[in-house]
Amino acid sequence: MRTFAFSRADSVERAATSADATAFVAGGTTLLDLIKLDVLKPANVVDINALPLKRVERLDDGRLKIGALVTNTDLAHHPEVKAHYPVLSEALLAGASTQLRNMATTAGNVMQRTRCPYYRDPAAKCNRREPGTGCDAMNGINRMNAVLGGSDACIAVHPSDMCVGIAAIGATLTLQGPGGEREVDFADFHRLPGDTPHIEHDLQEGELITAITLDAPLKGAGSHYLKLRDRASYEFALASCAAEITLDGETIREARLALGGVATKPWRCTEAEAALVGQPAEKASFERAAEIALKDAVPREHNAYKIPLARQAIVRALRNAAQDKTSQSETQESQA
Amino acid sequence: MNDMTQPNVVGQRTPRIDGEFKLTGHAGYTGELHADNMLYGYPVSATIANGKLESLELDEARAMPGVVDIFHHGHFETLHRSPNSMAHGDMVNEVRLPFEDERIYYHGQYVALVVAETFEQARAAAQRVIARYTKMSGATAGLLQTDAEGELQESSGTSRGDPEAAFGGAEVKVDSTYQIAAESHLQMEMHATLAEWHDDGQRLVVHESTQGVFFQRNAMARVFGLAQENLEVISHYIGSGFGNKLFMWPHAVATTVAARMTGRPVKVVLPRQQDMSSGGNRPASRQRIRLGADRSGKLTSVIHDSTTETSLVHQYVDGCGSATPSFYACDNVSTSQRVLEVNHGTPCPMRAPGEVSGIFALETAMDELAVELDMDPVELRLKNNAELDPASGLPWSSKHLDECLTSAAKRFGWENRNPAVGSMRDGDEIIGYGMASCTWSAGRQPCEARVELRADGSLFAACGTQDIGTGTYTIVAQAVAELTGADLSRIEVKLGETSLPAGPLSGGSMATATVLPAVAAAVRDALDAIKEVAIGSGGAFEGSDADSLSAEAGCLTDGNRRVSFEEVLETSKLSSVNGQGSAAPGNEQNEYAFRSFGAHFVEIRIDPEISRVRVARVVSSIDIGRAINPPTARNQVEGGIVMGVGMGLLEKLDYDPRDARLINANVADYIVPTHADAPEIDVELLDYPDFKHNEFGGRGVGEIGLTGVAPAIANAIYHATGKRYRDLPITIEDLLAAD
Amino acid sequence: MDDSVHSRTRAQAAPGTQTLNFTLNGEPRTLEVAPNAVLLDVLREQIGLGGTKKGCDHGQCGACTVHVDGQSMNSCLRLAVMCEGQHVTTVEGLARDGELHPIQQNFLECDAYQCGYCTPGQMMSATALLNDERVGTDDASVKEAMSGNICRCGAYKNIVEAIQKSRQQLSYDATQKEGTA
C-alpha cells in the first residue's frame, strides 16, 4: 500500500479545488481496498467526512435530497426512504455487510468500482485500469462480467445494489466543482465503457458529489428488489432487479425497472417499462418485458447464464412488486 | 482406580478452559506477537504461473523509507531440503526451498521478501519491486481443464476379488464420472511466522501458526542444519488450519533466513492472496466410479479410479479411494489413484483429505444405484452394511452405522419423503430430500506427556501437540480432572511447544485418541510419585502401603482420611512431583479395524424460477465413540456440515485456463458459507465408547462431519429436480442448464 | 473528558507520520501514525492490541470488526488518521472490571467458536446488533445482519444462539432496571 499525503477538507468549496491525483475518502471501503491492491495510486487523499453533507431532506416538490455522506445503513433505515422508496431500502440492505454499510456513503456507493478480477489485479490486462492494455476478462474467466452495455474494450460490471434502486426511481446528482455547482441526471452520470472504459462517469477533475436527489416517489407503487447470487448474503449480485409497478385493477399503469449485476452501469430498462404499460399484471407480460430488457445482451464464455438469470430476476421482481400488498393498500387509501 | 465406563468429567459438557483468552482478545495468535527490535517481512510473489524470473529491479524499493533488506534468489542463504519423511516427522508441504531457482512453477510463488521496520513500509516497498519474467506457454491450468490422465501411483491402489469381471456381469450397473473443483482451506488466520535467532545464530525460536510444532521443528533442523535441541517451535493459538498448517511451507524458511541475515527478529503474516495461492489447497479431482449390484441391491463390484492434482515442485497425493475398500460389504473392490502435475501452488491435506472427495463420488453413485434399483437409498446402505472391515477382514472395534442411518432418518422425517422426483413442493419452492453415509478412519499415534502436581494446589499438564480450535486444551484438562478428581479450575494445560514432551500433529482426527492416553499415563506416574512421597518418612501417610492409597477430589485417600495433593507435598517440603507418560497404539491394531461412521440427511429447497438452491436443514447421526467434551465435538460436526454446504454449492478456486493464474484468491470471490447460508442443523452423537481404541473410548471427530455432506446435497437436488449433478460445486449455471 | 481528544489537527500535506488523537476503549490516546496506516494494523502492531484480527485485509471477512462511535466497522478499510476525535472500541474493551460482557459469557457457554480467530469480530458485530433497534430480532434477521462475519470453523449455529441468549438477558436486565427505577 503506497504512501500518500493525507488531509481533511473543511469546506465543500475548498475540497472541490484539490490538486491532481487526489482521492476523496468518505467510507473508504472501495478506495482503501483498491489502494491496497495497488490499483488506485492517489498521491493525495482528502478526508471529506467533516463536510456538512449528512442530511436527508424532503423537498417541497416531493423529491428527497440525500447528502453525499449519508451512510448506506442510515439511508436504508431512514423513515422517508422506508416509507416512500422501499425498493431503495431493500437494495441497500441487500448490499455488502452490516459493517460495510455502516462505513459506505451514498456518494461513495455511486463511485464504487467494478469487481472484475482483472481490473483488481495490476498484473492483468485491463483497459479500465490502464487504457489501451487490452482486456483479460473478454476471453478469461468472465462469469461475473456484464452482458449488457459492454464493448470490445470492457465488460466490467457496475457492482452497486443501491444504484440499481436509484436507477429505477430516477434521480439527479449535485456536483460541486472548481467552477461551481451543477446537476446531472443520474441516468447520464455513469458512462458506458465504449472505447474509453477508464472514463467511468461524468465527474470532472476536482468535482465532488454533494447530494443525490431522488425523483418524487411513484404514487401507489408496489415494489421489490430481488438479488440473485450464489450464497445467501454478503456477495455481489449475479443478477438483480429493482421493480416498481402501479396498477389500475389488474392492468399495469406504470412500471420502473432496473438491473444490476449484468451491466456495465446501473441499467434502467425503459423499453421494457414501456412494454408493460397497459398490459395485464401477469406472468406473460413480465416475461415479455424480460425478453425486451435482455434482447441486446451479449454473452461471453462464462457469463451466458446471466441472460436467463436476469430474465428470471425481472419476472419474479415484477410479480412480487405487483403483489406488494402494503403499497396497494396505500394506493386504495390515497384513492379513497 | 478410575472407571472409564462411568466417568465424571470426561464425556461431560465442559466450557473451553482457553475460552476466556479467546473471548477477551488475549489469546496470542502468531500474527499478533511481537519481539524486541522486530522487523516486518512482506513477500513478493510471481504474477505468472509458468516461466522464468529474468530480473528483479530493486533500487526503488530499497530506497524506500524503513527498508532493511530484500531477499531473493541472488541474495539468500544456501540451505538444505527437508527429507520430507512422515516416518521421521520432517514432512513439509513443499520441498522446494524459497528462491531456490529462477523457474516460476505457479502463480504466487515467492520471488522476493522485503524486510522493513514497519508493516506499512514493508508492504509499500514490496509493491515497488519490479519483477520481469519470461512467460512460457503450456501452463497446465488444472486437471479439470485437460484430458491428461496423470501418472498412476502404484502404491496407492488396492484390489480384492475380480471387480472388472464382477462389474461386467452385474445385473444393475452405475458407471459415472465425478469432478470436484480445487478448494481453499480459507482458515481464518493466515499463515504466519515470527523467527528469532539467539546466541549469535546458534539457537532459533520460531513462532508459527502450525498444526504440528514437532514436524516443523524437525524440518527446520534439517533445512538449517541445526541440532533439534537448538531449535524451538511454538504455537499456542492457531486460527485454525484444516490441514494446510500440518507441515512447513516456504514462507517460514524465508522468514527465518531473513531473521538470521538481518540479525533481528522478523515477522511475516501472509496476505490472504498469497495464503490462498501459495499456502495450500485441496486439489481438484476427477473420479470414475463403477458399481455393480444384483437385483436385490447387494453390491457385487466397486471400482473407484481417481486422479488428483499436484504441483510441479512437490508430490502430493490426495487419496480419494482410501475409504472405499472399507465402506461397503462387497467381495470385488478396486481403487486406483493417478496424479497430474499442474501449475498451481502445492496442494495439501484439507479436512478429510482424499476421502471427502471419494465419498462424494461413492455416495452419489450409491444414490444413482438406488434410483436404478428403485430402492430407498437408506435401505440400500443398510443392505450393504459391512459387519467386518471388508478391507482387512478384521472385526470393527465398534461400529453403529445402522443405528446412525435409522436414527437420523427418524429425526429427519425421511418417512415423509415422496421418492418421486420433484413431487414435494412448498409455494415457489421444490423440496428435495437426500442422504449419504459418512466415514473417517480412527487413527492413533505415539505420544508423550508430562503432568505435575504442585504445592500451590495447581495441576499442570503438558504435551507438544496443539489446539487448533478443536478443544484439545480442554479435553486434556478433563482427563487430568477425571483421574485426579481435582477441580478443572486448578488445572493448567500447556500445548504447542517443542520444549514439551513430543505430541502429535493436530490432524487426521487423531489428536484426542493419541494425546489423552499419554496424559493419563503421566497422571498415573505423577500419582505414583505423590503416593511415594506420602508414604515416605515424614509423609502425610507415612508407613502406609502405596497400593492402599487412591486419588479422589484432588486428594490422596486411604479410605478413611483425605489429604489434598498440596498438603501432601507441603508436609514433605516439596514444591511439586512430576509424572511422565507415554502411550502408543498396540496389538489391538492387529485385532480390530478402527473407523467412525455416520449419516447425514439433507433438505434442500430450490426455487426453480429464480434458480436458487439453499440447504434448509441437515440432520446427522455420528458415531465417534465417546465424545470427551460433547459440545465441542458437536460443534466440529456442525462446522463440518457448514463447510460441506460450501463444498457442495459454493467453493471453487478459479485458475485462468489460458495461463493458470489464480484469479479469485480473496474472500469475496472465493465464497464460503456465511451465517445466512448455515442451515438448521441437528447433530446427534451416539455414545458408544470405543475402549478397544483407547481407554477413554473416543475416536476423534474433526473430519467426519464434512464427509458425506456434499453428496447428500447433490442427492437431494436430484430428488428435487431429477437432474444428477456429478461436478462440484453445483452452481446457478448448473441449475439454469437443467431447464 | 479531555478536550484535547476532540481537537482537530489541521491537514499536513507532507508524507510522514501524523498525530492521531482518539479514544480507545474509553482511554484517550495520542500517537503518531503513518498516513497510509490502517486502523487494524495500528491496533495490532503499533498499540499492541491483538484482539482485533486480520483475516482478509479487504473488508471481506469481518474478523477486524470494531466499533467506531458505536457503529460496527471493518478496521482494515479505515485509515487510522480518519479516526481523529472518534471513539473506537475493540474486543479488549468489552469486559468491564474483569467481568465478561454478557456476549462473551454466552459465547463461552454456548461454545460459539472453535479456533477463536473470527470470534472478536463476531462479538463486536453481535454487540452492535444488540444495540441496533432497526434490525429484526428473529434468527433470520440476526443471521443476515451477522453475515459480514465469516466463521470458517462454521460455529454459526452456536453464535446465533449466544446472541439470542444475550438478547434475552439484556432485555431482562433492562426490564429489571426499569422496575427498580
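Letters A, B and C name the chains as they come in the text, with residue numbers starting at 1 for each one.
The rule we apply is simple: a residue touches a chain if its C-beta (ideal position, glycine included) is under 8 Å from a C-beta of that chain, and two chains touch if they have at least 3 such contacts.
The structure presented is a predicted model; accordingly, all values stated were derived computationally and were not measured.
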Among all chain pairs, the one with the most C-beta contacts: B-C
Chain of greatest Cα-centre distance to chain A: B
Gap in Å, rounded to a whole number, between the CA centres of chain C and chain B: 30
Where chain A and chain B are represented by their mean Cα positions, the distance between them in whole Å: 42
Residues of chain A engaged with two or more neighbouring chains: 1-3, 232-234
Overlap residues in chain C, where contacts from two or more other chains coincide: 34, 36, 57-58, 143-144, 146-149
Shared interface positions of chain B, touching two or more other chains: 120, 124, 668, 673-676
Touch list for chain C against partner chain B, complex: 34, 36-37, 41, 44-45, 48-58, 60-61, 63, 90-92, 94-95, 100, 104, 107-109, 111, 113-120, 123, 142-144, 146-160
Residues on chain A engaged by chain B in the complex (per definition of touch): 1-3, 38, 115, 117-118, 121, 123-124, 136, 139-141, 143-144, 226, 228, 230-236, 238, 305, 308-309, 312-313, 315-316
Touching residues (chain side chain B, partner chain A) in the complex: 47-48, 120, 123-124, 127, 609-612, 614, 649-650, 654, 656-658, 661, 663-664, 668-669, 671, 673-677, 731-733, 736-737, 739
Residue ranges of chain B in contact with chain C within the complex: 15-16, 18-20, 22-29, 31-34, 40, 118-120, 124, 185-190, 237-240, 242, 269, 271-272, 468-471, 631-632, 635-636, 638-643, 666-668, 672-676, 678, 681
Residue ranges of chain A in contact with chain C within the complex: 1-8, 25, 27-29, 32-33, 35-37, 44-45, 47, 49-50, 73, 77, 96-100, 102-103, 232-234
